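Notes follow once the structure below has been shown.
Chain nomenclature is as follows: A, B, C, D, E and F, assigned in order of appearance, with residue numbering initiated at 1 for each chain independently.
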Amino acid sequence: MASISPYGKRFISYLRREQIRRLVAGKYRVDGRRLDQLRDVEVRVGVISTADGSAEVRLGKTHVVAGVKVGVGQPFPDAPDEGVLVVNAEVLPHASPYTEIGPPDEFAIELARVVDRGIRHCGYIDSKSLFIEQGRVYVVWVDLCVINDDGNLTDAANLAAVAALASAQLPAVAKEEAGVRLDRGRRAKMPVDPGRAPVAVSVCKIGSVLFLDPTFEEELSVDGKVTFTFSQDRIVAVQKTAGHFTYQEIESALDLALKGRDALLSALRSALESPGAAGQ
Amino acid sequence: MASISPYGKRFISYLRREQIRRLVAGKYRVDGRRLDQLRDVEVRVGVISTADGSAEVRLGKTHVVAGVKVGVGQPFPDAPDEGVLVVNAEVLPHASPYTEIGPPDEFAIELARVVDRGIRHCGYIDSKSLFIEQGRVYVVWVDLCVINDDGNLTDAANLAAVAALASAQLPAVAKEEAGVRLDRGRRAKMPVDPGRAPVAVSVCKIGSVLFLDPTFEEELSVDGKVTFTFSQDRIVAVQKTAGHFTYQEIESALDLALKGRDALLSALRSALESPGAAGQ
Amino acid sequence: MASISPYGKRFISYLRREQIRRLVAGKYRVDGRRLDQLRDVEVRVGVISTADGSAEVRLGKTHVVAGVKVGVGQPFPDAPDEGVLVVNAEVLPHASPYTEIGPPDEFAIELARVVDRGIRHCGYIDSKSLFIEQGRVYVVWVDLCVINDDGNLTDAANLAAVAALASAQLPAVAKEEAGVRLDRGRRAKMPVDPGRAPVAVSVCKIGSVLFLDPTFEEELSVDGKVTFTFSQDRIVAVQKTAGHFTYQEIESALDLALKGRDALLSALRSALESPGAAGQ
Amino acid sequence: MKKPPVPLIRDGVRADGRAPDQMREVKIAVGAVSNADGSAVVSYGATVAVAAVYGPREMHPRHLSLPDRGVMRVRYHMAPFSTKDERKNPAPSRREIEISKVLREALEPAVMLEQYSRARIDVFIEILQADGSTRAASLTAASLALADAGVYMRDLVIGVSAGLVDGTVVLDLSGIEDQYCEGDLPVGYMPNLRQFTLLQLDGTWTREQFLKALELAVRGAEYVYQRAREALKGKYMSIAEEVYGS
Amino acid sequence: MKKPPVPLIRDGVRADGRAPDQMREVKIAVGAVSNADGSAVVSYGATVAVAAVYGPREMHPRHLSLPDRGVMRVRYHMAPFSTKDERKNPAPSRREIEISKVLREALEPAVMLEQYSRARIDVFIEILQADGSTRAASLTAASLALADAGVYMRDLVIGVSAGLVDGTVVLDLSGIEDQYCEGDLPVGYMPNLRQFTLLQLDGTWTREQFLKALELAVRGAEYVYQRAREALKGKYMSIAEEVYGS
Amino acid sequence: MKKPPVPLIRDGVRADGRAPDQMREVKIAVGAVSNADGSAVVSYGATVAVAAVYGPREMHPRHLSLPDRGVMRVRYHMAPFSTKDERKNPAPSRREIEISKVLREALEPAVMLEQYSRARIDVFIEILQADGSTRAASLTAASLALADAGVYMRDLVIGVSAGLVDGTVVLDLSGIEDQYCEGDLPVGYMPNLRQFTLLQLDGTWTREQFLKALELAVRGAEYVYQRAREALKGKYMSIAEEVYGS
């Protein structure tokens, strides 16, 4: 019954929850971080040799792999001259004791859709360059695999998707009698504009204290969570996933998110500038 | 596991059931109706502005909305010159405490198929007028949404489907390079023959007493239920859904059903004659 | 959740299991058979008049029906000049108290795939003779229906599939304006080479004693089970389905399997030589 | 209605040589599925249905059991090779789901479910060959499998179909008649209790045709009932022979 | 962004004649689904959402219940005929699954689930007509259905959408605005507690546009809230009339 | 068999430069998935399998637990980007379901399930890159993850594949060899107990080729086993260093 929410349930003990909340109220965190401090973030591109583009992101113990696969398909009727982007997320049963076997649940679907919206509306990909011929366009699949979930999947998954796309190559098209075929022997760069890379930053709230980059335990203890996605200086996606916020809190959260954005963006840029070093 | 019957279970308390049965044995009903009396029936067409045709039926507290959508598709191989009719029913989880979330269960599937058979075999729709060109025909979807189930869904849903089709319009076909497209700016009348409108009437039995238009509670208390669908003076569908009947009981049920048919048919005719008055 | 193994559970009482194991340790079996003795095997072809080929196999109380249906479809991209073989198995809920209603579970899927691999790699079917024209080939469906499961489904199902294919006929192709159609009025022989008929033989182990043709109860009592499929003098498929084997045990099991092969092959040959006698 | 490739009826004789009120050959074998608690194979001409019964047995999950009666579950399914032309997809179709429901409701009046509190009885029906009247053959097979399983019953439910072919009311529709007829009327009937438990209809019928078809169905059911009793008796006779010697 | 068939806004007037900060006509009917424990129909212009609440009731299966609070389940679904052009496939889409989740998370802050240990409350929402802002109308309908069911609530959650149309921040997007606008911002708001409980955004916004849209959404929510209170009062007044006479 | 784009073997040297009895580079990392009770990443050349173990833990629903032993559940799955050409649909294929079953049956003989009455142990395997021998790498990864989780085991189960390439028996098939070879023989082997626990075969083999391939597989498994022991030791050494200082 994936069509009714919630799907499954997630736990934290009452005592642990209260400990986390008490600490944050005093502006401390269980792992000793500042409120505006991200965990160590590591981005590596080109980690999957079978993919057309790939990246892995480790944000503390959270671990996400993104793989890009390119295919050929039909355009959407309302955009006949544009390629198609599909973002899919699988939270592997490896990732936590709470993940059930089965098709993507509401958490995985929301994750994919938030990442998708961030990428889709900011001009990061030039969709028109993915046109092949009348009725035929490139289809770009971005598959997100969550291997370990220690919280803040959205920020990690968005970063992995963006890095994987930046590292991706577009196979050439070979036109044959039987139709169009991809020739992975000849490849071009994926048409992305790194300057517009969307960056998702989640902000959590306990009481009235805001903080960045929640761990899994912190996520289960919050009074509110909201994710902002930025491209250049624009806001291109927002998703409140837990709790409630006042207008003032949203404004403060937005400012805090911009700090996180800068940290994530610089991790992304280092990875893209030195792909050789990061390759497996 | 929708592929084995029964799906789920429905309850009535033993005492309530015995009360209903005792009353009917004495030719009384819990809501004070006569055995051959329908509840108030209200039919309104044109209630869904996004549909190509629509109707809602209230039969006492039973509430069904039918929406018609027209598309373009391939004909069935054994009828290459005829359009395609598809009837689908969803009993919304709104409708009763017993409805489960998920794909249509055996009740919804049977409901759709009984309504479909009533419409399909009586010439109500002129299928040949739904032909477009070699290999391409109109597909007429009739979707039944049960919003509240207080019994006798079949009679209500059949009436809603018939009224929605009578009120429907057929979008014009625009032939373009890329194929055939519907143009909802230009529309024609749906080719139905109101004189052949099929009307489904259910008859229930408690002991040897027959009665019309059961409520939900009555349906759970019966010794038999059978639905007859009439078009003009022909029988075009029958479905026994509960219990057992003797030959003589079937004959009597048939006569009683004809009385119900007249009442439902006149409600249908008023609605079709004054669509303006009934529109939202 | 068919995507994680195991699916469901199967039982035998501890006492019954120990009895079976004690007997086998002394080289006896509960039904009095020798270790290398198959149960009575009966193969009949042409048993399903609606199929293009069919056979039923009774191996003791195990009962499997195989039906062949021929269709037209697209070839696989990596074999554009070959027809397509699809083997599917359904263990009917009739077959044992353990079968659940639903899509094929891991037992049925494994059964179909082991039978498929046996047939596919030995040249039994001449796939190139199933080519029709560029982009269009015959699709040969072999559907296995297990009606009663008293153990050793693999050997029985393989035999049924092989016999059904040998008895099958290939409908002629009628080319029409609207495309290609099968004409079951005109038929040719299915291109199979009876000399290469693959035969699957399962060997079980209790302690270090090996034996053939396990019953359902024996299967639940074993320390190991492995199936060999032979075509002519080659091994064309192996599948270990339970337990563990030493190298020496595998070698002995292979020799024992060849004895079983001869018995099954002669049952197959009698059936194919006298289809009239075996027809219903 | 479409035009059939051959006349369905001419001079009162049907395409397969039968009279309008004549059943095809009826074959019945009880107890054919050895693991099942009860089973039967029934064929009406080329239509073959295999029914197996498991139970009464424990209901899982328990909250689906009923405190005062047993639950009977019924599944009607067609083998992929059972249809004349194309292979049938084995996934259950809407038609199969509906038929499972009406067969359950046709069998329930015959089975003393009040004897089986909290238990379930499963009835599985597989169509191996389909040549018309599959739900009718299924019903007879299911009844016999229930009886073979020793389930308490008030009567057997016998399935037969009637149809309207070129204006004539006929018994036991064949596949081709089913495809081209003006009307189809599958019926389930308890011959001793004289009750109809399955009743469906399709097509365009006058009141008189409908009632005449019901009468014909009763006669057909009575005929099949005799064959069914012989088959049951035959099975128990042969068991008796095994046990006591012939 | 694609070009709309008509200008979406001209001289400060929107295609349907509204001012930027103007809601479409809002209609509310409480208690329309008689079997439900609570229900409401809400329309914003041509968008119509029907919400029904069942519960608090027992949770099945039990291991999904919580010892210290109730579980609220929410389902958002679109009727197959609710969309403008093609029929919508009734199988739940990924979009519907996501919206079910965000609506649940938008309602949870308002419902005193701690009062309902081990129980579940089900909220079902069906979109009968979709013309933009469906999740906003759904939220208002769901809140009212919960209130109608007598579920303890801290506040109503009112849904409204804001959008960015040709650079102008507007309230309550219609279908055509939703399709062609530069940004969409569905909001859920508790007017008494002044808390946002739903917040999504799509498109390309400056910080100022975003904050201005939030302010506009608050004003819209306050307007709809008055209408919602009247509807609730109306229902209970008419019940009182029935009970005590008018 | 189809013709490969390059000769698979020439003068006793394989397309990737290996000798027939040579494994590709084997890399093993134990404990890579921090939430899991045990985990391992194993690569054979470009084939990469990640295994995670959760448990022993409570079985839900309870009627699937066993009174006298634990239930081990195994899932083999391929990431959508793990295959060479087209994206793999993430829905589990029939092949993945079969492999999940044979891997479970290959691991069961090594795990002391009798120590874990009523509990379940879950083994999840994801193929991140597929270049032949995926089930072999999976088996080694799963064994190590079980050991890392502290599950009682009789031995490690090591997976290796053998194959028949141009008439030569070779070890550890690569993707291209797997695609064009005359035979494939994936094997699971317990080196200390000298027992085969996985055995599948495909293709056309003589008895001698089959037996020779088994021998080769044993040698391959013994080689991988050494690497696996070092990896396990390495992990626990480094833990010891953390705990006691180096």
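The definition used in the following text is that a residue touches a chain if its C-beta (ideal position, glycine included) is under 8 Å from a C-beta of that chain, and two chains touch if they have at least 3 such contacts.
The model shown is predicted, which means the values in this text are computed figures rather than measured ones.
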Most distant chain from chain F, judged by the mean position of its C-alpha atoms
B
Considering A-C alongside C-D, which chain pair is linked by more C-beta pairs in contact?
C-D
Need the most distant chain from chain E, centre defined as the mean of C-alpha atoms.
C
Would you mind pulling out the distance in Å between where the CA atoms of chain B average out and where those of chain E do?
31
How many angstrom lie between the CA centroids of chain A and chain E, rounded to a whole number?
27
Rounded Å distance between chain B and chain F, as computed from the means of their C-alpha atoms
57
Send over the residues of chain D in touch with two or more other chains.
61, 75, 77, 122
Please output the residue numbers of chain C that touch at least 2 other chains, ranges allowed.
3-4, 101
Enumerate the contact residues on chain F facing chain C in the complex.
2, 64, 66, 71, 73-75, 77, 92, 94-98, 100-106, 109, 122, 185, 190, 193-207, 210-211, 214-215, 218
Show me the residue ranges of chain B that touch chain A in the complex, using the header's touch definition.
101-102, 178
Show me the residue ranges of chain C that touch chain D in the complex, using the header's touch definition.
48-51, 54, 61, 63, 65, 67-69, 71, 88, 90, 92-97, 101, 103, 141, 143, 145, 147-150, 182, 184
In their shared complex, chain B is touched by residues of chain E numbered 33-36, 39, 46, 50, 52, 54, 57, 75, 77, 79-87, 90-91, 122, 124, 126, 128-131
Applying the document's contact rule, which stretches of chain C touch chain A when the two form their complex?
1, 3-4, 135
